[in-house]
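Read through the structures below before going on.
Two complexes come next, and they have one chain in common, subunit A, joined by subunit B in the first and subunit C in the second.
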Partner chain A sequence: MIDFGYGLTPSATLKIEKVDNPLFAELHRLEPDVTKCIACGSCTASCSAGVFTEMSLRRVILSLQRGREKETLPMLQHCMLCGKCQLVCPRGINTRHLILSIGKVYKMEDKAL
Partner chain B sequence: MMKERILAAYDPFVLPFVFGMTFVLAYCLVALVKVLIQLKPADRQKFFLSLITPATIVKNIRDLFCDCLFHVKLWKRNKVLGYMHSSIAFGWFMIILLGHVETVLYIPERLHKLYYPIFFRYFMEVKGETLQGSFFFFLMDFFLLVILSGITIAIIKRFRSRIVGMRRTTKLTLTDRIGLYSLWAIFPLRWIAEGFTAGVAGGSFMTIPINWLLHNFMSKPENFTAAWWAYSIALGTFMTVLPFTRYMHIPAEILLIPMRNAGLPVRHTRKGFALAMLYSCPSCGVCIDACPMGVQKKNVQDATVYMVRNLKRRNPKRSLEIAEKCLMCGKCAALCQVQMDACGLRLAYRTSHEKEHNRIPADFGYLEAVDPLPQLGEQKVLYYAGCMSSLTPVISRSVQQVLKAAGVDYELMDKDGSICCGRPLMLSGRQEEARKLIEKNRQLIEESGARILLVSCAICYRIFKEQYDLIGVEVMHYTEYFNRLIKEGRLHVRNGHQTLVYHDPCDLGRGCGIYDAPRQALRAVGQLVPAAKEREESICCGGSVGSLTLRYEDREPITRGALDNLTANNPEQIVTACPLCLKTFSRFAPVPVADFAEVLAQNLEQA
Partner chain C sequence: MSQNIVVIGGGPAGIEASRRLRDLGYTPILIEKEPVLGGHLARWDRLFPDGVEARKVLEPMLADLDGIKYFTDTEVSSINRLKDTWVVKLSNGLSAQVRAVLLTTGFDLFKAEKKEEYGYGIYERVITNADLEDWFKSGAAPQFDDVKVIGFVHCVGSRDEKAGNRQCSKVCCVTAVKQACEIKERFPEATVYCFYMDLRMFGRKYEDLYLKAQKECGIRFVRGRVSEVSEDIDGHLFVKAEDTLFGKPLKIKMDMLVLMAGMAPAASTAELARMVNVLPGEDGFFLPHSLIDSPCTCAREGIFYAGTATGPKTIPETLSEAASAALAIDRYLKSPQK
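And then the complex of A and B:
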């Protein structure tokens, strides 16, 4: 194919075949709210752990949807489960259960980040 | 005078009873040993020590009488049910006791026979009346009447529970039904059996008329052994199924009461103390009506009684669902007749599940970089607003306003973002992780030199009280502290004459037993009207961090139910003392919802 120069740069390409969909489907079974996210970032803005670390639930959910969980799973280690994100979420996502469920579905690699 | 009629002191009809009784005694003995072995050595030592501590001995004896025999707690809650239970329990106890007394008095050499005091009337005959004999006949018949009246109420309750004031009762299992029907049958059969023999063995106002009836209307009234067989079979059936039914609570409570009074914690979902608790659940169903989730019919299956049943049956799927759904408001535990630690059982389940399944280990290493607090003088109060309060800034603003008005010197603990108190982590079953937050907060507080730690969140307050063990620091909820300031005359408020209703947050009321301080303070600034149900019966706002799986749309009906309860007496304002309740109620409340500190701040007397 002729490259007209409008294609995605390799670093921005999502390789769908590499996305581990069964894991995300399992997560969706445990906590159906995960697909409700509109990535508004309210959770990240209010996060208690976010004051001290780079923790961002918005980024975690986005990366899981894209099958790039390795990038963000370590963030969840910092979560104090205080539940502020749940209170501010405009979509009423049960964020605490979502975070606990992620921990049950995905396994963090020891030296991910 | 009493004389033995059957000289062999035996008849085959006693066998069903003897079998049942032996079985139940053996089963209980094995269960007792099992529970004691399963206790952690430290807990076991604590338990045995409590058995020889005079204060606990007194408490144990009092509880055994009040709870097992007289059902004082149930009487206070519902007179009809109280009468029903205590009439059967106390009446039966007295019949057994009197049977033994009679045996001791008249034929002590037969006392070693298990069945003799139970079937005393069959084996004895009366020769000439004495006052003492008639007195026993009367007592026996009197207690039989008491029991029969209780059984009558129980039968009515089974078919029309609303008559006795219960909206929902427990759905019984098959063995429960067998136990129930045999229990119902025992005493009417005893009445007939003793009625048959009342002519020879004596009787009183209950049994003599039956004897007269039977002898006048039956062609062969001497064939009375059938009635005694029926009575013995009913007893035997009841005893044999007892360990597998809810009636196991009868023997189990005798063990549970001293264990509870020893202050043992629930460490496992079905071992040791927890096992004694599971055995002790009478499946009465008080927890079904108590549960705030009950506003939706689908949640009825998640009441504590079904949690217990699923734990007993080792049904991990349902146990987990129920354990994770619960709001942990503690209302069922507060109303429970055997004081089941319903939240403790669920928490134990969550903890073991988390440990097994969570594969993202927590890392709170970043907390080490948190700067220490500035050194506080003796007089300075350290104020911890908590995570939730940062979403309800009105609370920390009002608290500071009140503190300034009272001239209190204070320092904010979490103005640059707070470290969570740890209770939400703990409630989700991550005990060890929560410990790390607790340790860090404890270190920060103790190093600051603060004497008073002021907390404006009920959730934080509970964990500070229960888990922190702060040395030299008094932890105070702002309702307590402000009430103290008003009493000491340091805080001057005026009465705005607004009608207020106070909502007891779960963790503050049932969790820490603070009911009066907020009410006293609120009476100084407005007119307090009661809610339909309050204090230990207050209804959770529905926002609780205790529930892990309850979804947003399922929380709304709970909130609305709680609001209906609060607005029963048409208050102008709802006042709560927890940021989470404030935020949850504000969404749907028909009248304004305010925080406790906000109401005080609005009614400050201008100097």
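And then the complex of A and C:
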């Protein structure tokens, strides 16, 4: 939908054509396995924090790929790095290293991790 | 005297290829390590998408083995190159010198107990797709009482790097949908869930079966892989997954869980590959010359493949590949010798 700029609320559509993500490329360089994710949700299903909070590693990865990194901080700040996601991930992703790398690349160290 | 050809593996691919080779005027020597021919098909009750009985496919094949020498309970001891022939020695003491060897060694069902988090072999109410077929085939009633909630877990040991099986096993999605419909017929009051990562309904009529499962059988599909299973004091199961389309984790109590064990390379693949001096693919299956236009040949002269030895396939795909392997062998044997 064309945004003429007169709306009271910003468009809720996903602007994937605007995703130009050098930060994600940097994350991929640090943790190449990030693109191995097949969004099966095993991490979220076993997440100790996910039962009570909005933490979902599956959604964090997707949000970063869609250029919506702002949405990831409220999720990631609940992570306790317990490592259960790493135990169940069928793709063998080092989720601990991934989460710490996200914090590093997206400068979240002081805020969350 | 007609020319001998050794066919290793007496499943659908090996039987079908042997019949085709016999029809072309050769004498196939079919070798099977198990006591009976038929491979995994002999164990299966019904086939997707229409629910045709597996025995209706297998029995006509087994009734048509005239002109084929076959040995059950027999393994290959060695295969050696001698000039332009292969010398195949068998565990029963016999040996054959042939110009062509066809490898139809198939697949092994993934050992579901390897995924410990699902509790197969630990929790009584966790069974596999093969166990369910055994049960359907034997007609023996389940040993569990009050089966009201049943779950199917797709991709057990498939697309799983930790289990060493990165590939999609291709047939389990539609098998799960078929089995979910069948179990619903046996337990009409039960609620049946399928936990999937992606549903791959690639074949003709598969999508129709999937729609039927939802419309007529009321199967509930949840997009999310089961992450872990635990047991309560009565032996009922707690299953954890994320409904990834909704974006929320869930935990549900179940009375029975069926694990869709996928296809893994046959244990014999590595040893046979060493004997004929070929390198299997990274995934552990035999690697043909080309996956596009020469799926039955390989770099070694006189060695041919058919069926799931080169990766997961359906029964019709296996049978047609067996036929094309027979033609490839015929063409090879008729070409002028170098």
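Assorted remarks:
The working rule: the second predicted complex is superposed on the first by the 89 of 113 C-alpha atoms of A that agree within 3 Å, B and C clash if a C-alpha of one lies under 4 Å from a C-alpha of the other, contacts with A are read in each partner's own complex, and residues count from 1 in each chain.
The rule is simple: contacts are C-beta pairs under 8 Å (C-beta built on N, C-alpha and C of every residue); 3 or more make two chains touch, one makes a residue touch a chain.
Every value quoted in this text rests on a predicted model; they were computed, and no experiment measured them.
Of the two partner chains, subunit B is the only one that A:Lys107 touches; subunit C does not reach it.
With both structures placed on the common chain, the touch criterion links A:Gly7 to neither subunit B nor subunit C. In the superposition on chain A, A:Arg96 contacts subunit B only, with no contact to subunit C.
Comparing subunit B with subunit C, the partner in contact with more residues of subunit A is B.
Judged by the touch definition given at the top, the superposed model places A:Arg58 against subunit C, while subunit B stays out of reach. In the superposition on chain A, A:Ser46 makes contact with both subunit B and subunit C. By the touch criterion defined above, A:Ile38 reaches subunit C but does not reach subunit B.
Within the superposed three-chain model, A:Val88 lies in touch with subunit B and with subunit C [touch as defined at top]. Touched by subunit B in one complex and by subunit C in the other are residues 46, 51, 87-88, 92 of subunit A.
Here subunit B touches subunit A in the complex through residues 324, 354, 357-364, 366-367, 369-370, 387-388, 390-391, 416-420, 422, 424-425, 428, 430, 437, 543, 545, 548-553, 580, 583, going by the rule given at the top.
Against subunit A, the residues of subunit C that register as touching in their complex are 117, 155, 159-163, 197-198, 223-228, 240-244, 247, 249-250. Listed in rising order, the residues of subunit A touching subunit B in the complex are 33, 46, 48-49, 51-53, 73-74, 76-84, 87-88, 92-94, 96-97, 100, 102-104, 106-108.
Partner subunit C is touched in their complex by these residues of subunit A: 36, 38-47, 50-51, 56, 58-59, 87-92.
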